[in-house]
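Data first, discussion second: the structure below is written as structure tokens.
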């Protein structure tokens, strides 16, 4: 390890905890070129942020993220706040010359996201978006296998994210239900699907979306985000896709799946079995017709050598360890992936789906990007 | 059993075999009010239709379906030919005063289907369409549970049918690839999904579809049907749906799923486990969070008492036994379900999806129905 | 088809129904050399046996099985009564020169079973035992693959059969709880496991068993059979096995599994997914580490061409169709499999487990066979 | 947090890494009363142990475990070496007045294990054995539910651990194949099963075991451990069990399952779905017949509040975080669970199975304990 990198974490909620977990675990599981040092964490509630600093092993805490951004010992600003604040903080951090890691979605509109891209570009700082699911071993293996031709040319892609977070109508109104503060279901859940879909199958050209808000009032306030949305998708390659995301699917806690069908094979990832990948190879002997369940922990698989013996399995946390570990390994020269440009590209598709649903028509993503 | 009903089967292919299986097995498994007697089977190849008559236990055979339709000993004409011929035969059979059972889809266009509805209506003959999957025990249980309020008000419905029937580009051109003879993937696979969706969640008001033909030539002829399609759906109730059907999904032999999410629960049917139903109840104790796997063979479940001890399981064939058995039990007074009117309603949605995909816009089903 | 074979079915209960289903369906699904004709069915309750004759399509009925055995038009006596009566009927049928198909277990003790073997041998009649699960397509494929070397040399075999048939302590006493009338759990459920184990891995040399009766009184009578048993097994080949069978496993309706581990592969059958087979091949590329789920309906698979398009699936009933169809195809020359000798060999292992459990020691199967 | 506790880790292999992970993560995920401080790590290879110290965040390293044991800043000695060394180190650590955490199995024979129990007792030091699987959330929930009566009185228990670690005959001889250095399959894999079985169903009274070594030579040396073993088990309560453990099951990387059937319910844990628990309740409405898949991440479930939002899932590592976190929370007053006495009780059952297999007879565990 050739030195320490100073980290400042903005936000001590579940994402702040997840990123702290990632920074803490990465050096134990893999030989990093740079050891992260958690220098400072910010949050508006002094008592809570102090407690988080102790728990997460952070040297100190502040109640204003602007102070964190200014601190010279902070090399990387890691933004773990709600979506509505992402772009502003990212722009400020870039302006201060800091590398920036921003939780997804990068912003709440494409123009906002584009501003963040510009800011990072002008400041020439490393920048990354927290599309952590790419770094789950099995998802990473799926991408690798596609790259190696395991499914041939992709024709169809389908992905769903079903959650029941909003089923209960008595959940009081908060920022999650307020469009101006962020938080469409398209962006919250769908941004992961869109990121993975474009990573695996290339850019999305056009979308036809639909959205619905089934519980339109909470705490006597109008809910301005969608409870559930879906989109048909045309990729630039000619492949076709179908995406669905919902926060009103009873007893679906976090059921995320992604499948690609190519001319030579099928690959399927189901989050409920996150250490596995289903693979159907059109070239297999007919007598073996069916799909394999690959245990994505074999030593040759992505990240496998860093973790446990085969069959033991990793959880959600591993995605942060792997992603943040990869970023630290590429400090300070980069490149970092996925970067703000990808975050903005995803946001453009989110905006296109939102517009398409509002206007009941196909929307070309170039309408958004301009 | 109060008497015999004479059956004439048009077509000796896989559907003719499946229906023969159904008629043969129904009396063994359940106490029918009327025993079916297989009077005559028709097919153009004399040798093959003769062999089929022997195998299926049919009294005799003819090479022209028109003769079958005329036979006085035939009470019910059961049409098991390719889709392009359905409407013509159905209309002729109705005109001859026969009850008609027609394999799905009822026709290859909505106007054709509407003609069949008219013909049956004018002739006042019983009529049914072979949406056999309704009669799988677990699917039937799903419908019953929805009716009893197990999921509350349906908000979302998703259904897929993935097959690899068309993956191999060397399959020679035949009627399945010729739009005029029938056979879009929307109608072939999707008609089942649409039938079940409307049965469970009510009429579909509007659709946005997309279709693609990946293998555009076979045997040097242009393929004029879709390899894969998908549709966003708005139900009249306000519920939203997403349907997908494909015949180019490698190593997906017949993977049909349907899920509904209501305000109080979730139900999921997956064909690969066709004797089971997943059920998530929002009212369950939180400590039991998750979904149950109901073994749809308990004595109180639909059709269960006719079949085997719990856990032994039925297969695809049971759907024909159950459906045809139900029709025979309602002979000669009816009503029969699903009838031609439902077959035409399904065809209207198929046509709407096809038009929507061709014109890249939402299509109101009333545009089709006129 | 070269002619009819006259069948007499002894017993109209669930097994009588299942066999009737098999005889009725076999000619529809496959081209049989001989068409079965259901000549007569016997049962003590005249009204019920008459109704069964009508339902199952049997020409006539009698209330005394001895009369059925005597009937000249009966070529094959098919015994579907409770176990305690099997040997007596089989012996009488053989003495009358009839071919005999006997439901499992062949008898309630090894000596009884051996008498049936002797009787059939002396009479030189074809004889078979209803180990129907061999004829499920996936189980049959498993046997074929083992024969082709897919797992190499078998080292370990494990099989379980879990049912909840006896969980409810208020079920009144009947023959199932009376050892003299048949019915240990070892024989009822375990006989299938033992038959499959020996079919796949060869003869069993020694066993160590344990048995327990948790509900010792029903209707104030002493239960004299086991609720659950298990056995360690040494095969003559040196392979090792573990078998378990229970009728007191709550919410396990009929959960039967069998797995073999050889030096080159693993094969697993799970009844809950009866159209599939799991296969792990030690020779696969490491990057594909895991097991395949073979859909045992590919055209090259056993029985697949007789049934439905791939992915549609068969149920429990298919085992009877396939087994009885195979027997009819080998009429009148044989050989029939599995035969009484195999039925007796299975019974010897059942008796060895029972003795082992009673005496708390390993029992060599030769102790039973003498 | 009221202070730091000094930890000394003996061994830097995979278990040393897993425990380091546990100590590092525990403070991030939960509010510990005592923060662990990794003071020193020992290992014979200076370069490797130094690298491990850096990676795992340990203050320093030594090449002799005896020095680690002597260090005053070490409060807890955590033994992560191969089994053959456990007892000696544990005894020395206790003698030095240190609390001891020892990886499983506690020793390679019962007498050795009993010596460790005595040593800890005389020194009055806290002591624990690393039966980490107890601390997986779903396994912990299974224990809690059994305690709350979810299955009623346990009648049957079955547990298996299938691995393919030893399938390849070209793996060279090392300590894992040498009985004197530790390592039966019974102890390596089975000790976890025995620990969980006794935790859930009470003490084991008697066993009948079988063992086999299929690959008897490696690197021209005789293998003196079993490749696979199984045991029938009688619990003191009268319940019956069946255990199986194997390291020669092809493509079974680590397939551990445990199921209990009580008079009122069934619970099943399958490691391949480690965040879930199957539950069948005999008291459920018959129409809902089947088992639930409980997502063991609901906020009320053990450890759930420390980890991620429901549905995201934890992996193998969580067991160490949870177990070590529990021990730290009970520092310095205890009690610690499972302790050396439990470790010795498990070892007694391992020895009983080994003896039973060697002598082909049932062995009462009291024969071992004396």
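Should a chain be cited, it is by its letter among A, B, C and D, assigned in written order, with residues numbered from 1 in that chain.
The working rule: a residue touches a chain if its C-beta (ideal position, glycine included) is under 8 Å from a C-beta of that chain, and two chains touch if they have at least 3 such contacts.
Computed from a predicted structure; not experimentally measured.
In this assembly, A is the chain whose CA centroid lies farthest from the centroid of subunit C. Taking each chain's centre as the average of its CA atoms, subunit A and subunit B sit 40 Å apart. Separating the centre of subunit B from that of subunit D, both taken as means of CA atoms, is a distance of 53 Å.
Centre to centre, using the average C-alpha position, subunit B and subunit C are separated by 35 Å.
Touching two or more other chains at once are residues 252-253, 276, 289-291, 295, 297, 310 of subunit B. Arrangement of the chains shown, judged by which pairs touch: all-to-all, with no pair of chains left without contact. Only residues 276, 279, 286-295, 297-301, 310 of subunit A touch subunit C when the two sit together in their complex. Interface of subunit C with subunit B (complex): residues 1, 14, 17-18, 20-21, 24-25, 27-29, 31, 51, 54-57, 163, 252-255, 271-276, 295, 297, 307-318. The part of subunit D that touches subunit C in the complex is made up of residues 151, 155-156, 158, 160, 162, 164, 167, 208-210, 212, 214, 227-228, 230-232, 234, 238, 240, 242, 244, 246, 248-253, 261-266, 280-282, 284, 289-291, 360-362.
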